[in-house]
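The two complexes that follow have subunit A in common; it is paired with subunit B in the first and with subunit C in the second.
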Partner chain A sequence: MSDKIQTIENLSIGFKSQNGREVSILKDISTHINKGETVGIVGESGSGKSTLALAMMGYTKQGLYTISGQCLFKSKNLLNMTDRDLEKIRGKEIAMIPQNAGQSLTPNLKIGYQIEETLKLHSTINTKDRQLKITELLYKVRLPSPNIMAQRYPHELSGGQQQRVAIAMALAGSPKLLLLDEPTTGLDVTTQAHVLELLNEIAKDTDTSMVYVSHDLGAIAQVSDRVIVMYAGEIVLDGDVREVLSSPLHPYAYGLLNSIPKLSLPGLPEAMPGTPPQLEQNIKGCCFFERCEFATDKCKNSKPELFIPKNKKMKVRCFWHSKLSDKQYKPNYDTHSANKTKKLDEVLKLDKVSITYTKQSILDQLLNRFSEKNITVKDIEIEVNKGETIALVGESGSGKSTILKSIAGLLNTKNGAINFKKNITLSSDVRNRTNSQLRAIQLIFQNPDESLNPSHTVQEILSQPLKLYFQLSGDKLEEKIIDLLKKVRLTESYLYRFPRQLSGGEKQRIAVARAFAAKPDIILCDEVTSALDVSVQAAVLKLLQDLKNDMGTTYIFVSHDLAVVRAISDKVAVLYQGRLCEFGPSSEVYKFPSHPYTEVLLGAVLEPDPDLKPVLTAEDRVEESPPEIGCSFQSRCPRVLGKKCFTETPPWQISKNGNAIRCHIKIENLFKQQTSEN
Partner chain B sequence: MVNQNQISKLKRLSEIIISIFSRPSGMIGFSIVILHIIIAIISPLIVPYDYKEINSLIMLRPPSEEFIFGTDQLGRDVFTRTLMGGRVALLVTFFGTLIAVAWGGFVGIFCGLVGGKIDDIVMRIIDAFLAIPWILAMLLIVVILGTSTEVLIPALGFFYGKGIVRVARAATHDVIARDFIMAAKARGHSNFSIIWNELLPNVRDAVMVEGAMRWSWMLLAFSSLSFLGFGVSPPTPDWGLMISEGRGLMSFAYWSVIAPIVALSSLIIGINLSADAFAKALGIDRTQKAPV
Partner chain C sequence: MFLLILKRLGLGFITIFLVSVIIFTGVEVLPGDACTAYLEREAKGELLEICREQLGLNTPAIERYLSWSYNALYGDLGYSLSGEKPINEIISVRVRNSLILAVTAILIGIPLAIILGIVTALWRDKFPDIFISTFAIFSMTIPEFISATILILVVAIWLNWLPGIVIVSSNSTVLELLPNIILPVIAISMVMTAHMLRMVRSNIIQVMSSDYVQMAKLKGVPYWKMVFIHVLPNGLLPAINIIALTIAWLLGGVVVTEVVFNYPGLGRLVIESISDRDLPVVQALALILALIYVGVNLIADLLTLVVNPRLRTLQVRK
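This part shows the complex of A and B:
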């Protein structure tokens, strides 16, 4: 069999709490990494996955210490080595690729110089050959024109390119083991797919072992051979990636897989009940006991061991795994049906809305003329009907948040109109809107840590819209707030807590409650689930869906996560560089992605299934600004027709399925091309 | 009905206080400061002698049972004068700090909010003032307007508010970039309500900690003025003045300066320790180490 490159034996890492008790973050971890193997470590925030990855290179964060166990690399324990000895191993034998490459590269040094530093430290190559080696490394991570790249500064590169440079730096010492801590989390869908493909190739070419830490099962599925599922500092499942993902034998892994929205299936995923245990909690039995549907007294009182069930290629920590292997893994989705038959009223219409961040030149200002240059968002036309969920999707820089802000009145539009309920034109400045217009449109932000005032209690947070719009006070206010809390499935006991005393999911529920307090017609959701864990995300999506069904609210939902959009939306608008590419019912857009950009975008989505590989057709490149004439997608489009694409703005075409696209290629021909390729 | 929100906030306050006193620096610092304040308030009632009674028969007596800190060159009891020596200093600097926090906080938040040209102009004026050595400016003011407390309080308050302007402005910049401000704006709250409800509670902590630090600096400044003869006029007891008077005799009558020096430095150390503990309890860590 293959040799073990690293072995972790009974490792526990923890800290001393304020009252002097020992609290462990990692509990009795034993595993190993084989030569040439890629191991994915998956778990939600607080599961200890990053702590484990850092321990693998002999590092414990400040305040943490090793309680017991060891981490053996080449039969030497990394955790009791001196710093001097560790320096020789880190970078050369074990290298780390951090989450945010933009922050881990030194901003004032050229890329080439930074790679050279690593080479100087960890190799014996002479000065002349070093330059060649740098070029070779940059070529290996497939950066265009490596020689020029080496002379650039980090800020001159895009996020994906920076990540590639970080990979090149890690490869400089030709390490035996690569540790990757959420390396693609901050990247766009297409960029992420490209980086993962690169990692796969490197693993194959260099026979390096990799440890890939992520919360994203989709990414893990693409790169790993083996997957370790962590929960509350323990390994609950450890085994072959295909087997784990097709029939997870641990109820937590099962629930986790179930709570991920998938592209292939419409409707909402099932949420996992409960929250992970607190660190300080002393657990005698199984750590998943409180949330498990199979839990019995046995689970409460005795801890299951990690063992290999018969005929399986995985280790599992559960007494009742056989119940799960009998239960066929079949995702249970409650599909929401859009009420198609009913005649819907239009609540919001964006009429040729254009927005720009750049200041207009003085001449243009004087002549009250609208300059066509540098427009961030151009000619957006979207109609929103009552009770619908419209999703705006696109990669970063596509202008989706910009559009939301302008609907909320926080950003002035330069051209066009935002019409509310057909006859009212909303002012593009929030100060000029009437009270009832303000009430009608509410916002929910991405990160509840930022959107809830840390010095207000939940009661104060929720009372603000009620006081402002309905002038409630006294008992009536109190009653209404409790009512709102119940609506978002929280109890009265939350009333006088501060945001920092709530979990991430609870905070987002409060933010949702605050938006609903105004009894709005439209709620603008700006990436509302991307700061949350997968299982929490499913619960929040379910809540949003339920509230919509009860109150008939309309959502405008911005997200970069196409699977989430698929789960919740009725209609999808695909944006590229602030220009609308495709707009139509989500079932149609996802089934027949006709616009080339939609096709590229959907092809790059990662599913938690190692056999579904992403399709990468377009070049991975970030454009600085949209082209002034022609189609916005001209420079990356895999189906460019010819000169027409670069000079003429493409016309709208409507397919027989009801989705409208903006492309020069006849929609029927697009279909033909796509089906013939498949 | 008792307002539950206030109870929650009091609970938070008590948590902060407990957190302050559970740190050695907070415990020691606050004990020193509170002790000084108590002494300053009750000293006229407990001192054994009259602070201004001159007696040429008992000049420069070393510490003894009768005069535990000895006597000074005019035969006054050093113990009495030391106990009472902090009264004026504490009074002036306490109100001076309040003024500094008030105007510094106001201008800082205002500049942070309006930004643009007004911010530029105001900040450049503040920079210009920061460039003037404070002692020269203070001397000028004192020479023109006199050394009464009515002059010293606003003058010190003005000079020590400049630093607070910068801190308040930076804190405002941090807070207004956060989403809850944008959320309040999108809901359509008035500017006043946004500043009062959303901004102030989050800027307050930083400004209060800065104010506490300024207090100790101001105390030192006030004592320096007295030392130079521009602060408190004799025979009012004051540490700075006592140190200045006893300075020349230090080689053989050390006791006349030791007591005021210990008193002054202990108060300054006490305030600094308290401010540090206060900052840590509020989660504003000024001593973060690099992770190397």
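This part shows the complex of A and C:
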């Protein structure tokens, strides 16, 4: 073995619960990080991965303490060091890149100062050299005009830029070990791909060891040499990235990998049954016992040890790993039943809808004139047929949620009409809609924590729409609620629980049930799975698909995740800066020819395969507002033709497969260019 | 930025204007007028007519409002009926006296509240915090008139250290007033400090648990450096608005305390002129108090804008 930079021995970290019992978050973790190696730690929320990363810096969050074990760095245990000694190591020898850079930068201090702080603390260079170093660091993380950047405050930067600043700050001490806690979560796909590329380069150039903590196997695959899979505070799998991702020997890792929707495989991913055990639960045997298809009594009563199976480059904590190595890793996907209804029944049509957030100037208001400037969303034309799932995709700021809100009547449109079932024009103000119009369109929000009233029980939450739209009461109401719970695969026992007593996936199921309670024609789904863990996401997607098949509901599905969209939708609309770029059947949109923006998006998607590298063609830059004339994608497009793109709005072109692309490049030429390059 | 300040100023003026209208109509809709109120039983016949003639009460209300507000704009608040001299003369002395009281209370109370707030937050749930917080809650829950009375009983009557009530006349010099204000200041600042301390404490605790403070720790920033550079500037920003609210609250708090200590300030004047039915003075006082309230909050808003870089740019962009 090569030099170890950090060794973790039998580490357990936990807290005292309210009844005085010791509850451990990390259970007997032993591993090591080699010099120059990048280790990915993957696991779902609550698996203890972030706690482990922080422990590697000798830091435990408030309320947590070390129960046993040690973290050895240069043969000293970080967990019993004095604050004085730790201050010398933190930021210099070991540095952290936090998950949410926006909240991890002190709001009242300039970027330059925050980087300088690290330099001041951990090096002896003088003021003038420090300034040069700051510029150099900001340049290294590829921030435009570093000198101006250094004078900015954190809130003046975009999410991607803030993340880069956090990286620069971590690099300032030239650390031997970099800990990254979900560094790209919350960034747009293209930005994420760029940040990962940057990290890879840094790892290569500086020979820094990295620990990359993430729930996203796609990101882990791109950066790491080795993967550690964590489940319920334990390491269940630890080994070479290629081997782990191609033939995971632990049933949990296997299930996790299967539950990720992938671009290359259309259709819904397979969901893993069950939920992770509660922290307080005392588990004698294997912690994955309850959800495992191979589980036997042996698994229930004795804990498997982490060991290296013959001829393998990974450690596994499972008795039955051989069953998995025999079982060919061949995902068993539901074939996506694209809705092939005979008659196309239009339920919703957006007719040249434009929306703006900026207030119109007083002059324009007086003259009742519609200013063309700063329109957030412009000329959206989408037709939705009954039983279809239409997805709106795009990065943040693409206007996808804005469109959804205007369909729901929560946001006034400036121009255009929203037509429902051909002959009804929906008012753009929810207050002017009739009860039956309200019933017909329901919303499911991204974050079930915030969309469910915390002081209402499940029963109360579900009875609201039933009382409002169907005037149900008494036994009938009760019956209907239980029926709804069954539909979302929950039992009667959930009736009197409060949202806080439910897991994330269960909460989202309740939100789905609430939407279906109104028997709507259309359900608007706003990033419904992005707050959920992958395995839960797969289950919710499956549920939505099943309900749709049963009830013939129409979904309008907003997501930034192209793989999720591929899995669930029939048609896809790609948006950039509030303008439609491409619209068509999902099978076609994901094939060439594509709009250059779709191409950029697809290229940046991370697949859980270390050999599938993302293709980065366009710069990741944040545009404040869409350009006033010309193509909306003009300033980032890698295929700009010329003057035309900047002055003329591109025309719609329809390919022979039926997807519409809005581009100046002739569709045949686009196809030729794209197929020859890939 | 400049536009924003103008906007705030404009809003302030509108508020004052509305307040003046409300005060005027309030006095107007009361049964009777300044003359009937003042003359009481003699308010009949010739005497009433003469009084009304003198005060110009026979002209229409709008005309009177306009002339009142016009004069007020130029600093002339009218004529006191009971004091029989210009209101300006009466009020200016009282304003000075109240200011002495309020400013001393603020100068002592605010720094004390901030320092104690920081101490309690940094030593959260440890001995200093438990001790100070308990005391703060104690002094918050006792109304000022009780704590003032207890102070008089203990310090003035039992110990005989300081005069219990103020017996100097309202236009005595500052030096003459000084020994008399010690007890009122203590009474006022006790409640004020306790309120502010609680708010400063919770702000700092919130900042201490933020991601950027954790990040600073992970960068290896020493504890006290972290406190002064990363925690305090962010934790004390909201304190500006709290201070403004407290100062505004002080106006009301001063009334009770001034009456208990017989202190010749604005607060006592309010009570006096109400019991004398001196409506012009009541009207003038209400306007002045409103002006102070709006002014203090305006200053706080502008100060926050200047100090907080985030507000500064965000507002401009939108």
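Please note the rule applied: the second predicted complex is superposed on the first by the 674 of 678 C-alpha atoms of A that agree within 3 Å, B and C clash if a C-alpha of one lies under 4 Å from a C-alpha of the other, contacts with A are read in each partner's own complex, and residues count from 1 in each chain.
Criterion: a residue touches a chain if its C-beta (ideal position, glycine included) is under 8 Å from a C-beta of that chain, and two chains touch if they have at least 3 such contacts.
As the structure is a computational prediction, the values presented were derived from the model and not from experiment.
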Are subunit B and subunit C a fit on subunit A, or do they clash, once the structures share the same frame?
-> clash
May I ask you to decide whether A:Asn147 touches subunit B, subunit C, both, or neither, giving the answer as first, second, both or neither?
-> neither
First (subunit B), second (subunit C), both or neither touched by A:Gln62 | both
Applying the touch criterion given at the start, work out whether A:Ser17 contacts subunit B, subunit C, both or neither, answering first, second, both or neither.
-> neither
Of the partners subunit B and subunit C, which touch A:Val430 in the superposed model: first, second, both, neither?
-> first
Please work out whether A:Glu450 is in contact with subunit B alone, subunit C alone, both, or neither, and reply first, second, both or neither.
-> first
Which superposed partner A:Leu410 touches (first subunit B, second subunit C, both, neither) = first
What is the contact status of A:Ser104 with respect to subunit B (first) and subunit C (second): first, second, both, or neither?
-> second
Taking the options 2-10, 218-226, 254-262 or 272-280, which segment of subunit B carries the C-alpha atoms that clash with subunit C in the overlay?
-> 218-226
Name the residues of subunit A shared by its contacts with subunit B and its contacts with subunit C.
-> 62
Note which residues of subunit C are touching subunit A in the complex, please.
-> 209-223, 229-230, 233-234, 237, 308-310, 313-314
Subunit B partner, complex, touching residues on subunit A are 62, 408-410, 430-431, 433, 435, 438, 441-443, 445-447, 450-457, 459-460, 464-465, 468, 495-498, 514, 518
Of subunit B, residues touching subunit A in the complex = 4-5, 7-9, 12, 178-180, 182-189, 197-198, 201-202, 291
The subunit A residues in contact with subunit C across the complex are 57, 59, 62, 83, 86-92, 95-96, 98, 100, 103-109, 117-118, 121-122, 153, 155-156, 169, 173
